[in-house]
Amino acid sequence: MVTAITHRVNFFDTDAMAVVHHANYIKWFEIGRVDFLRKAGITLTEMMNDGYVFPITNVSAQYISSGQYDDVLLIRTTPVALTKAKMEFSYEIFRDDTDALLVKGYTQNVFTHKDSGKITRLPDKYYIKLQQALK
Amino acid sequence: MVTAITHRVNFFDTDAMAVVHHANYIKWFEIGRVDFLRKAGITLTEMMNDGYVFPITNVSAQYISSGQYDDVLLIRTTPVALTKAKMEFSYEIFRDDTDALLVKGYTQNVFTHKDSGKITRLPDKYYIKLQQALK
Amino acid sequence: MVTAITHRVNFFDTDAMAVVHHANYIKWFEIGRVDFLRKAGITLTEMMNDGYVFPITNVSAQYISSGQYDDVLLIRTTPVALTKAKMEFSYEIFRDDTDALLVKGYTQNVFTHKDSGKITRLPDKYYIKLQQALK
Amino acid sequence: MVTAITHRVNFFDTDAMAVVHHANYIKWFEIGRVDFLRKAGITLTEMMNDGYVFPITNVSAQYISSGQYDDVLLIRTTPVALTKAKMEFSYEIFRDDTDALLVKGYTQNVFTHKDSGKITRLPDKYYIKLQQALK
């Protein structure tokens, strides 16, 4: 499963170079990741209620072309690895009208227990859904 | 007690009009308010550990002149009312080098219990410090 | 014309009180305002290309109830005054599923010339569209 | 030259996991980078007035430990490569009181002309200062 969701660039997403500030794309990877999980049947609210948190451990981004105010961007999210211990995703962000690739990215996150703060393994309840989403 | 703290405008605080995006000043009122409380001997972490949260109920801002990248701003915070039920502050944000007034603002917040979500009254432990800060 | 647009609350929109940070709603008023203008046939890019900027001069917000992660919010934008010299809008932000009112707001902006920085009057090209949108 | 600057974590920097949202560290790399350049005698405002922009082309971050509200962070910035064509920096962000390493990062940026948008080479005026900062 590869998912896609759009985001329109807001004025508040731009900076004084009149383009999207690069830190915003890291947030938009989150929009893609959350959307992927939702479409896989997993909501982060449910995971948090079950006591799981999912801190990001690695992020990288390559910036190819600049996004601008009012651009409609398409965020494409591809699972790289979804295990009981961690999730890895890659991302591509395109201008929706021209298909120009703006940014490529990658994130890794682990799972930890809310109370202990220690790394934990995801229960089957979630893992089965992730495995199905990988097919 | 009136407090002052400086904040240097970051590139990521600007927008495509090459000035500070107006929503940032609302965040900077928070920098002023938190600094005021710290100087009054109150840290929000301690309040949260005691089960209090302090949601904002009203915000207003008047924008007089634009801040720009790399400006050092001075945030002046003045208490308007500090009771057991709510806090009100007014703010003035100046360019530190020219003393030009950029923004005037106001916030009100109440106190609620973390668990019930209901409005509560601040215990004397905090109230006494706030009263001293008003002198 | 009264317009409505939805925004799903992102994880990065929340704060350590596990609710939407209040400054975000000021950004979301912008989403509503820009959407209103787009539906009235006006894009800010076109205005900027024509040399107009539109700094915010006043903002206010009343926070009634907290938004949370993953809430779908409905931003309703109502024009209050649209003249050649300024625009005023009011906003209501609701939870889309329960219709609960979370935030009410107001913004005023003027028009200035990009180069002079001085207040200017909007040409008929834009003003006529704004007048039609007020009907 | 290796530079250090502190940043106190604001409430608005946290998320519903009660830690700093990971995207903020990408912004704080910018605080470190801009501070490095300032200490090397270079201000971005001057570069922009000369027609240079400096888009980020690569970012990466490894998250080791979580920052929390009110932590004073120390951002240490180390130049990796400073040529006429690009700048590369590495970053380490520590808790200032415990020296705990929270985040390691890396950025690369190129130089482009404001008008053409094309990659350009930095003039000696800036390059000489960068070379001195590398010593």
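First chain written, first letter: the chains are A, B, C and D, and each begins at residue 1.
Definition applied: a contact is a pair of C-beta atoms (placed from the backbone, for glycine too) under 8 Å apart; a residue touches a chain by one contact, two chains touch by 3 or more.
Bear in mind the structure is a predicted one, so any value in this text is a computation, not a measurement.
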Item to check | Shared chain contacts [chain C and chain D, defined touch] | outcome: A, B
Checklist entry - Which chain maximises the distance between its CA centroid and that of chain C? => result D
Next on the checklist: Nearest whole angstrom, what separates the Cα centre of chain A from the Cα centre of chain B?
Outcome noted: 32
Item to check | Distance from chain C to chain B - Cα centre to Cα centre, in angstrom | outcome: 23
Checklist entry - Which whole number of Å gives the spacing of the CA centres of chain B and chain D? => result 27
Checklist entry - Which chain D residues touch at least two other chains? => result 11-12, 16, 19, 23, 27, 30, 69
Item to check | Residue numbers on chain C that touch chain D, as the complex places them | outcome: 11-12, 14-16, 18-19, 21, 23, 69
Next on the checklist: Quick check: in the complex, which residue numbers of chain D touch chain B?
Outcome noted: 10-12, 27, 30-31, 34, 43-45, 69-70
Item to check | Touching residues on chain A, where the partner in the complex is chain D | outcome: 16-17, 19, 22-24, 26-27, 30, 48, 53, 55-63, 66
